[in-house]
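Structures for review follow.
Each of the next two complexes has chain A plus one more chain, namely chain B in the first and chain C in the second.
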Partner chain A sequence: MTNENKENSEDGPSKKALKKAQKAAEKAAKKAEYKAQNAVQDDATQEGAEVDCSVGLYGNLTLNKSQEKLPVTHKELKDLDESLANQNVTIRARLHTSRGKGRQAFFVLRSCEHTVQCVIAVGEMVSKQMIKFVCNIAKESIIDVEGKVVVTGQKIESCSIQDIEIYATKVFVVSASAQRLPLQIDDAMRPEADDPEGLQIKVNQDTRLDNRVLDLRTPTNQAIFRLEAGVCHLFREALRMRGFTEIMCPKLISSASEGGANVFGMKYFEREAFLAQSPQLYKQMAIAADFGKVFTIGPVFRAENSNTHRHLTEFVGLDLEMAFTHHYHEAVNVIGNMFTEIFRGLRDNYADEIATVNHQFPAEPFKFLDPPLCLEFKEGVALLKEAGIEMEETEDLSTPNEKLLGRLVKAKYDTDFYILDKYPLAVRPFYTMPDPNNPKWSNSYDMFMRGEEILSGAQRIHDATLLVERAKAHEIPIDTIQSYIDSFKYGCPPHAGGGIGLERVTMLYLGLDNIRKTSMFPRDPKRLTP
Partner chain B sequence: MEKKILELTAKYLQVGQVKVSLDNNKVITEIEGKKILGFVCGTLLMVRLKNRRLDGHTALEKCLIQDWLTYCATDLFHCPTFETLNVCLQYINKELAHHSYLCGYTLNIADVVVFLALHPFISNWSFLQKEQYMNISRWFSAMQKDESLRETYAPVQFSRTLLY
Partner chain C sequence: MTNENKENSEDGPSKKALKKAQKAAEKAAKKAEYKAQNAVQDDATQEGAEVDCSVGLYGNLTLNKSQEKLPVTHKELKDLDESLANQNVTIRARLHTSRGKGRQAFFVLRSCEHTVQCVIAVGEMVSKQMIKFVCNIAKESIIDVEGKVVVTGQKIESCSIQDIEIYATKVFVVSASAQRLPLQIDDAMRPEADDPEGLQIKVNQDTRLDNRVLDLRTPTNQAIFRLEAGVCHLFREALRMRGFTEIMCPKLISSASEGGANVFGMKYFEREAFLAQSPQLYKQMAIAADFGKVFTIGPVFRAENSNTHRHLTEFVGLDLEMAFTHHYHEAVNVIGNMFTEIFRGLRDNYADEIATVNHQFPAEPFKFLDPPLCLEFKEGVALLKEAGIEMEETEDLSTPNEKLLGRLVKAKYDTDFYILDKYPLAVRPFYTMPDPNNPKWSNSYDMFMRGEEILSGAQRIHDATLLVERAKAHEIPIDTIQSYIDSFKYGCPPHAGGGIGLERVTMLYLGLDNIRKTSMFPRDPKRLTP
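And then the complex of A and B:
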């Protein structure tokens, strides 16, 4: 057998090779025929292209450089409802998703928290080329859609606007997006335990923060930050109505205000300067300058190397300070009532936003009492002792004890917000006024939401001599705080106040687990961009 | 583990001279001259000598006691990791859902043995863990009220209100 083969290869192509060549030739012939046929079909479609009935009704708009002044007739997505049935509307929104099959396409438009379904089908005014164009628009592009509002028989479960859909007649791309997105908005807005059988893809927090511009577009994030703005607004209103004046404090300061440990330093021309850790000093100077009741909203910089779920290096501080007549509880009541107003305002006016956030991050609704619950530090320690925690009466509360105390108070009084008054003097800063009857205690208070501390405040020492004495007891060199002490030399009313972190309050009100969810562009020891 | 529990059980039952020794991973109990091999038999011997009440009144109860003691000897005492211990705890928790005590509605030696085995763990539990194993907490709280157990072991605090 082998001999024969050898002979064949010497003589020329063997039988097998011949057969192979024949088959290859047949294949090539078939391919050419197929190509010819396709060419004919392509010609046919080319002919079709010439007969596109939707020319001018779709396409990419030229870059908007404010070429023309036209009246604005666009409608907002949130204003679409059954009352506009059978009318023509124009809307500008983002393309959320699209899917098309030849003669029909469905696409979902998204704007802020709202989504609506649009349908486009081949007809008199709509051509196949238009359908193809719509299906090829990249996700997240901003598009202008004009169409008729139609009431649907069945509710559209997958959109937020469920009773109507739009039968589109014109589609223009205002601003196209790149085809490849670093994260999918659908994945970023998927609730945690949606459907155990379904997709479980979630987006990592680091990915979200690296592509914050995309991540902030999810309905949940839109709701969180609108609610945060609401907290700020309610804070301002509650205090303005009680006669407070808003002041602006400098953030570039010459000496660290509250102990030199956690402060950012930098070069300031030929000297050294620091970023303010808190507006404490300036609030008090404003009181000494006869402003009576002041509040300030601004950034606070803390150089703490803490990588926890509730610390940021830069956050927004809402601080207030007020002069009182007889007892510092006048200030505590003002702060407590301000919180009650904030919680009530959020519950009543931002219910939609809270529901949107709870859809993706379920949490118990926030409970509070009116007037707010105020316990003494001693009572808190007694509650913990009943539950088996051994601690000294004048020992500071550790974080686990704070959390357990929050649970015990919730079980006993059914409130997520409470005030703990009369802290031990040893654990408070040097400018805290000691208790008049017992030097072990101080006129200071902390306020807690869901077991975590949100405000630390006290009656401040308004007398220069006592201040020097307390500073010496805390072993703080007097020359570093000389200018602070000087502010009280020319008469100052007794005053008290406190400061809260905007992000922390929002996070605890919504029951979220990480403060980076409530800071638009968070800063922590590991993150400096975006 | 078996040796330690046998010694603790002996102390609880106030059996006089008991010698417990290990021989090739098998535990031998020697009491009043008699030598018995194995954990379950050793425990039952001590109970029948000292306190017949804890041995169960009905045949069903005696069966259940033996069943639980065997479960201890095979599974509970030999948990290598916390995950396996949690599996055992979930089993015990489920069994306690419909009974006051492990074998029904009266205290017996099986309850004592499981109590002695779990005490060092439960005394370190946080309130969250106690709430997760609600039935074990309820049973443990009832066990703590027994006089001889109360004398030797520090009581563990339980919360009567739901905290979590």
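And then the complex of A and C:
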């Protein structure tokens, strides 16, 4: 489309004239192109014998194959405000909705979380044919709109941009959508509680996920995944500041990493390979190889036939591991403070995204303490017992008991995040360091958000002899983990770490009810597409 | 071990006395512990009937199970310098080498890229038994050393820290190494050219990789992987600054992503799944879903039986994709400038790492232009023809021709990085946008470092109809890519992007000769461990 560059004051008049001539030529070319394109398919031009005063101001652009290199003068929706009053702007966005109303039409443009209203009315440069063309554009098409920014007298409640609207003068379709959509964005973005007419028009989860490319366009999903990117960024920055090095761990491994259950196997040239269930062994090797403090972000795979709100067969692990000097609480403190920084960063830098999500899925703001609350496992059990739960002190927490404990902790300490330290040794993996004073306990911990586990970690055994002993106690065949054990034969500092489920952190921070809402393309036993 | 906190001047005398008493008690306890531990296994104590004046100042610490929570007062090797002259410091590091010399011993501590010399000599508090103990510690053990920082008269050429040494007064083993090492760190870190005695003691690549935990301890490997982490960081920061959002793409997919060859298949519950060969289709879906500009870092898998210096079956992809307004060169410019920022960031922030690697593997400094050089494919072919290569204008570049072209470009333009734009359509994947003016060419590009391809990218077809047409021309069965095609049915902005091989960037930036040097745990058809 034509580019309305402002005249540059440094240009001499000859340049100006040149530009003008060029523009006229461009407009003529556009008209010819438009006529060629629309002669048959666009019935607007055939309506009566009426002369179309808007020729060249609307139509379908030819498919962009990078025909022209032009300066980018488009404004983004998010940058539209009253400061642009009465200025001409060009916007590229989706057609969210449109309705004709006699000699004028209203249509809403959407880009990410933002919507703005446009008005087009029959006038000197706007024909009835043009109005009809605009009203016939399929929703979800990407269009270029040029028009004047006008400050509205009254707030436009239905749009996110409420104080201005655009009086459109040019409308071109950049990429047309099919007319029939498998789901309506308006339905997909409707607040859960909002059902004034009792119509219960919702989009069910499978329809959403089957048509994820449409579903992801809702303001809520735009906000969720921008915030999730923020979790990764804050995780990395908190650790980089503390001297951690990012490492990359292989996903193809030669033996099942943690005991053999729930692992995907595959043919690897002439032998068998497996998909890593966690990068833990590799993080530990990095520690034994003197990297000191490491983190890694990557997919982890669980061949577990769990069809719950919080299990995926592939999810993103945020993993870290660090050598410590005296006590594994040096690592617990680093991890706890890192979470505080993540929560603070989300609260302070993603307030708009949180508000957008809450508008559709209301939730209590996420509460956290600084420094974070750290309880011992047995204190947790005591709280549960006080609340009437019957259990042994060294029994693992069931999922309902974890949830209940979360509520009890929230009631008592007013925090949605806490650390539960010193788990019973028997319920932890073989490589967990036992407590030095009592064989019942271990130097291990879980961390919770809104009563659900989001991190599991421990001091690891860094001594080959003890590791063999503990593996035997767990009846793990030593030959399957020999190279892991060998990693500790040539000196290894004491170390501790943990693994975090990214999608769980996002889900629980936002108070969402299903992990499929925070995985862009979720994988579960029943879903492998799109 | 005992912690020598400096007396705090704010403490009253009673506190001081308390501390002193506590220290005495601690020392007594340590002595008792030491005696218990060393009575049998440590023959040093049995040598003659000599009284050991160093009891409690050396020995093997009990396995760290986080027995004590103590303040961390250890200094890191990298922080040792003349400003600490005559101060007492405690260091935890590896014993790199040691040699006894009568009544004294010299030993070198190593931590990451740093080494420092320690001296211990028989004296009032240092017994012969202690010297013997120190000389018997296995190399690669992790030890705690306490001692005085002493400025040396003469530079210590054999260490990275050359102006000071440590006069050790306490030596404790934190984690002992086995005495026999499968490779010697000194051999593994020896400069390639450095073979004064003609002994040719090298460590071959398989020995290195089989014992990667040891191999990774060399200063060169410490530097390589810290710099590689820097590549990821600089990539992300360059894109974040330009408004890109990080996304996560699934690795488990339901059909072979790019045509079906070279893909790992596996059983997924009751059906078949594949490992993604690239995140490209998902990046594009994110664009069709309005994320505008996205990047993703993750493993990509190629079941390709290539045993070359530059192929891996699993490597890390740095991928990006962006909507553009008019012309795909908007994306080419973003990518080109991003590389300039990465190269500048490495040069300016990783000079020590580069020097460390060059010390072992000499290479010319990496040269780049700002803005980067961009040639058209046919200009590249013309350069090759001038150099005597016979080839068609639309023939793909062979690997030797790519390398030669890299040398020709370097000679002519003095840059190790350049962009080759407008590849022949026939040699690119089906989803590549054809050139608008000439069906022979396409809107696609590769980028090169030192004559090897490190990025492949293009404007993608964002129109379902043209996509089907091109897939048919490539004889790809439409039903296998239906959901990909459907992603473009509901409006999609024109977009372009590319995928970068992380290990190749690191290898070529540093001028290394094998990609296994820049993958922490490399995977190839023959290697799946450790």
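One rule holds in what follows: the second predicted complex is superposed on the first by the 475 of 530 C-alpha atoms of A that agree within 3 Å, B and C clash if a C-alpha of one lies under 4 Å from a C-alpha of the other, contacts with A are read in each partner's own complex, and residues count from 1 in each chain.
In the analysis below, contacts are C-beta pairs under 8 Å (C-beta built on N, C-alpha and C of every residue); 3 or more make two chains touch, one makes a residue touch a chain.
Bear in mind the structure is a predicted one, so any value in this text is a computation, not a measurement.
Novice: Touching A:190 in the superposition: chain B (first), chain C (second), both, neither?
Specialist: neither
Novice: Based on the superposed arrangement, let me know which partner A:212 touches: chain B (first), chain C (second), both, or neither?
Specialist: second
Novice: Given the touch rule stated above, what does A:404 touch, chain B (first), chain C (second), both, or neither?
Specialist: A:404: touches chain B, not chain C.
Novice: Could you say whether A:517 touches chain B, chain C, both of them, or neither, answering first, second, both or neither?
Specialist: neither
Novice: Kindly classify A:388 by the partners it touches after superposition: chain B alone (first), chain C alone (second), both, or neither?
Specialist: First partner only, chain B.
Novice: Decide which partner touches more residues of chain A, taking chain B and chain C as the two options.
Specialist: C
Novice: Can A:310 be said to touch chain B (first), chain C (second), both, or neither?
Specialist: neither
Novice: Scan A:412 for contacts with chain B and chain C and give back first, second, both or neither.
Specialist: In the superposition, A:412 touches chain B alone.
Novice: Give me the intersection of chain A's contacts with chain B and its contacts with chain C, in residue numbers.
Specialist: No residue sits in both footprints.
Novice: Going by the contact rule at the top, pick out the chain A residues touching chain B in the complex.
Specialist: 387-388, 404, 407-408, 410-412
Novice: Spell out the part of chain B that touches chain A in their complex, as residue ranges.
Specialist: Touching chain A: residues 127, 157, 159, 161-164 of chain B.
Novice: For chain C, which residues are in contact with chain A within the complex?
Specialist: Interface residues on chain C, with respect to chain A: 63-70, 72, 74, 92, 94, 111-112, 138, 140-142, 174-178, 181, 212-217, 221-222, 225-226, 228-229, 232-233, 236, 240, 245-254, 264-269, 271, 273, 275, 282, 285-286, 288-292, 297-299, 301, 303, 305, 313-314, 316, 325-330, 433-436, 443, 459, 462-463, 466, 483, 486-487, 489-494, 502, 519-521, 523, 525, 528-530.
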